[in-house]
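Take a look at these structures.
You will see subunit A twice below: alongside subunit B first, and alongside subunit C after that.
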Partner chain A sequence: MLQSFRHSMTWVHTWFGLALGFVLMVCFFFGSLSVYDREIDRWAIPASRFEPQPMPSFDRMLEPAFRRIQLTKEAREEAQTRNEEPLPDTLPLHEWGAYTTHRDPVLSMWSGFELTRPKDPDNDHVYGVMTLDPRTGQELSEDKLKIGSQFFYPMHYELHIHWLGLGYWIVGLAALIMLVALVSGVVMHRKVFREFFTFRPKKQTQRSALDLHNLTGVVALPFHFMFALSGLIVFAGIYFPVGETMMKPLAKAHQKLEASRTGLPEEAAGIPAPLASVDAMVAEAQRRWAARGMAGEVGFLGIHHVGDANATVSVYRAGTDRVTLTGEGIHFKGPTGEVIREDDPKTAAAGINDFVTGLHLQHFRHWLLRVLYFVGGISGCVCIATGFIFFVGKRKRQHAATGSQGARIVDALAVTTVTGMLIATATMLVGNRLLPEDLPLRGVWEERIFWSAWGLAMAHAFWRTAAVAQARIAPAWREQCWAVAGLAGLAAVLNWVTTGDHLFKTIADGYWPVAGVDLVLLASAALAIVAARKLRLREQAGAPAAKEDAPAPLETAHA
Partner chain B sequence: MSTHSLSTLHVVSRVAASLLGGYVFVWGFVTLGIALLMSAGMPYDEATTTLYLLAFILFLVMFCWAFAAASLVRVWAVLGGGGLLMTGLAWLLIPRLL
Partner chain C sequence: MPDALLLAAALLCGIAGMGWLALAMDVHWRQLRSGTPARKIIVTLRVLGSTALAASLALCLTVDHVSMASLVWVMTLAASALIIAFTLSTRPVWLAPLLVWLPART
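Up next is the complex of A and B:
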């Protein structure tokens, strides 16, 4: 497009990086938090602060619990819109599922029901869910939001924008641009190797921001590349839905062929039949895994065509001992308990796909790798945030001279997505500790608190960045750093006050899920204070020639 | 980083070509690739997985090329035209695979 390849790539890097950087910031930050989603859940739901539990007995505990699962009012109303006739009070059962990991004290269960006269025969199920305490067999209230796994985790791949699945597409575009930014970023810098070893924190802000941008971009380049790429591959079926559109006849034919080849019936027989002992089937599956020398905890238990002669029970292994997605599913006839089949060995393509997916989803048990994932993700945030600061630093004097608002708007959006996002996150945790325990729809209120706090931070960011239009440093950064420090510290204190689980106790007990969240909150607060004080000094130095604030807002991105 | 020599229309068209043209091109590549691998005897799910693994790397390359290429007409012709052509060929192949 421009006079040289390098110039064209620089243009792409700058403008696409700017436009999608705000989305990427959200993806990288909440993706990093998702590394510890289960731990954040423990912090947010004190009733679930106990050790991870193995899959409990189906015959004694799970079956009665499954039978208690009801549809919520919202699920029933949504299902009604997909059905030709009024839904009866009890819908026919279709499937049951129970899922746990080596980090889950509580068990996620769901029950799928069939619509009686679906408008679309390919969309004929509706689901009820339950969270079970496997020690007692009692359910936990679904009004308690699992902030880590139900809010932060989906945020990083669909932004909680459900309309037309738009959130997935925005994140997908951002991930593609992340790949583009990495490639174009390497192309535009001819001295990548030397820049890798360059960091000049004492130099002018713009210089040190750029150094940090290059350093975090290059040092974690393989990490960033693999995460953006594997994230896209995980949802390839959403981005290129060939099987639901052009190639639907092929996909359908393949499904039929598989059903007959594997002997796992696609449809119910319509003849009622009781289930044999599922515990015995689980024991048989574990015996077969042990014979192959594999860890034998059950991760996922699925029952299809519940109560029908064609019922099947599938037992999958929890993937704690390798990177690739595991399962090694073993499938049983429900009414008799005899083995139908074991999963085929993976084909080459499926093996690579499962490895790439497993690399992204990290079901394995390895605390150090988990820390590195978190650090890698946060380094992505630093890389993006320094990109914004460099963009603003490079243009604000020129924009001030010409009266352009460009740099100010970018700075305001950068404040919103860097410190503003931290404020929203910390405020949600504060709200989680302050809302009454038995408040109906408690989780909905927590989400409202999150979005309101973010909205306020954005308004503040636009208000307090006026200085940028005069080529000075915006007070918004410093003020929001103080807010982050206050809120993060408050969240940790409130955890102590409301649950009694203060750091001395949780560390002494070695209860790292809660201790870890508290420690990160306090570390974030401390970094935010350091950042705010440095920003103060630089504002006072006040030389419009140098915006000496770069490392400060970056450090806050570590929260 | 001067874009003064470029009209707004050119930039908009270039961006549209990179994203929409790129998407159509990758769609054509994925569908034709699946159809060809299936013609060679590979099962549907394995062919799909294989193409999904390649799709985004190809998108990345074509996206960058859309900005590197000198001629915007050629970019549209290759991405849009090539994508439609591959999709059409895949369309013709599908009934033979059932």
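Up next is the complex of A and C:
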């Protein structure tokens, strides 16, 4: 135990914050981008730049499209490893799903197939996917990566580390540390209210970095706390998987009981039967929602036991009018179209869980709240980044005197996760606009560009932070700011050159998904230029001073 | 577009409210006026600030369901506080309209 409670909290805040801060930076930044994942998708896939569409007719458009969904070669090979015998060319159908939101022009569809002789009876499905243009019924190539919803969004909760699901666990630990850092930060911060509005940019770097750290941490504290906590709750089933592990027999029994209680059959009957008109079922569901006074667009359509006498059709509402994750599902008998049941009202515990989850996943329609979430997320990034800067600034003179490389390494990692991450993101968008449109595995190449750019940025960060070991400001920050400015500006220009959708056009047309991404790119470029110029001034001011000044301990209250 | 206007008003109330609360503090008061504010002025500023924040909540509630409105409000407060902090650090004089009712001492 250190001298006092406050000292202990300072120690925890400093070292745990540092260790997991690099991960938190990734979570907060890509989480912020995920607020606009669908809009980034539009930017990245010009063929999908049109207005959001409602769920199209199942009978006329979706059913034929579902029947065209095939397994990819990779999915088939993976499924083969889970099957006792060679898989036949056509696998038996199990389920279909179609999902859209009020921000999606294109429809996500998937078709689930059954393995013929699964090794593990609980793991006996394999899925094929399709992205449909609901205006024409034509599919879009799956080679085109939805950069927002398929790359940035998963990045913020699993870091694209799939091995053993390790990514989820690292992010979960980081979220836990975020909560710890918030509490310990409030304890060690003596002037929460007195310095509530304080930011002194003209003071020394140390002072202004700490001001900004406190400011962005404190004013958005409810946001940071709720998002770290709700992020943990969203994946509670992964972090605390009682249902699949210690209580498996109980979970199985519960599943059976639910099936008999709700009348939604768990297993297929094995008797083929055609499907009645799903459009009529959707109309009935919408009539029932309207009777309850609820917004009635369909968000999710699911069909279980396709082609079987036990087929069920579940229609869920797009919950655009509530924070809570809601669907008010209505379930129909597939072959007859009669209603089996409506979802029960939520229990208190389930209601709280859905509210907290919905608060994080934001399926609601609210442009202002979305902007504010983005601001909250970016303020989290600023909070973490200034934490790194303060950590390095506090130690670099002492480390320079003793020849330690600690401050330099932390600074290099900070450059990598702050400006380096921006470079990787902007480079990916540049790559997205420059790669040939019909390149096979285009999305894979975009991901490679992202990781390579980040790798290069990291190498540059380690090379150009040598100055920190002499207690000066690393030129890496300024140089990477210029790179961010160039790349972000280039991405916006390339969008114009390759698609013709320049800002005057997109703003005049009111097509905000693309206009918004371009505007944020240009604003980032402008901000990066300002930062680079200020850094130049500070470097010049700091260079001679570092030789003359005696090491001045700053803010000893903060480690 | 009345919803957009009401939300804009909610944000403006949030900014004004945070502004008054900030100006009730000596250090920020001195960015606009000299000396320290009288006790009575401090109380007035705090009441004004709290009222504006409450008005912001009321405006949020007229637009959305209570669960959504409370989230919008909490986030509006955070954004307003950031805006006030950055205004105070770069262009404090922009907050002068918040004290326009209070004649400057000569």
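Quick note on the criterion: the second predicted complex is superposed on the first by the 542 of 559 C-alpha atoms of A that agree within 3 Å, B and C clash if a C-alpha of one lies under 4 Å from a C-alpha of the other, contacts with A are read in each partner's own complex, and residues count from 1 in each chain.
Heads up, the rule we're going with is that a contact is a pair of C-beta atoms (placed from the backbone, for glycine too) under 8 Å apart; a residue touches a chain by one contact, two chains touch by 3 or more.
What you are looking at is a predicted structure, and each value in this text was computed from that prediction instead of being measured.
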Seminar exercise, completed: Of subunit B and subunit C, the partner touching more residues of subunit A is B
Exercise. Thinking of the overlay built on chain A, is A:Ser57 touched by subunit B (first), by subunit C (second), by both, or by neither?
Worked result: neither
Exercise. Touching A:Thr262, do we find subunit B (first), subunit C (second), both, or neither?
Worked result: neither
For this session: Check whether A:Phe199 is in contact with subunit B, with subunit C, with both or with neither, and answer first, second, both or neither.
Result: second
For this session: Tell me which partner A:Leu369 touches in the superposition: subunit B (first), subunit C (second), both or neither.
Result: second
Exercise. Which of the two partners, first being subunit B and second being subunit C, lies in contact with A:Leu215: first, second, both, or neither?
Worked result: second
Exercise. Which holds for A:Ser108: it touches subunit B only (first), subunit C only (second), both, or neither?
Worked result: neither
Problem set entry | Doubly contacted subunit A residues - partners subunit C and subunit B | none
Exercise. Considering the complex alone, what residue numbers of subunit A touch subunit C?
Worked result: 194, 196-201, 215-216, 219-220, 222-223, 321-324, 355, 359, 364, 366, 368-369, 372-373, 375-376, 379
Seminar exercise, completed: In the complex, subunit B touches subunit A at residues 1-3, 6, 14, 19, 26-27, 30-31, 34, 38, 43-46, 48-50, 52-53, 55-57, 59-60, 63-64, 67-70, 72, 87, 90-91, 94, 97-98
Exercise. Where on subunit A is subunit B touching in the complex?
Worked result: 1-2, 5, 7-12, 14, 173, 176, 179-180, 183-184, 229, 232-233, 236-237, 239-240, 242-243, 246-247, 249-251, 253-254, 258, 347, 349-350, 352-353, 356
Problem set entry | Complex contact set, residues of subunit C against subunit A | 7, 11, 18, 22, 25, 27-28, 64-65, 67-68, 71-72, 74-79, 81-82, 84-86, 88-90
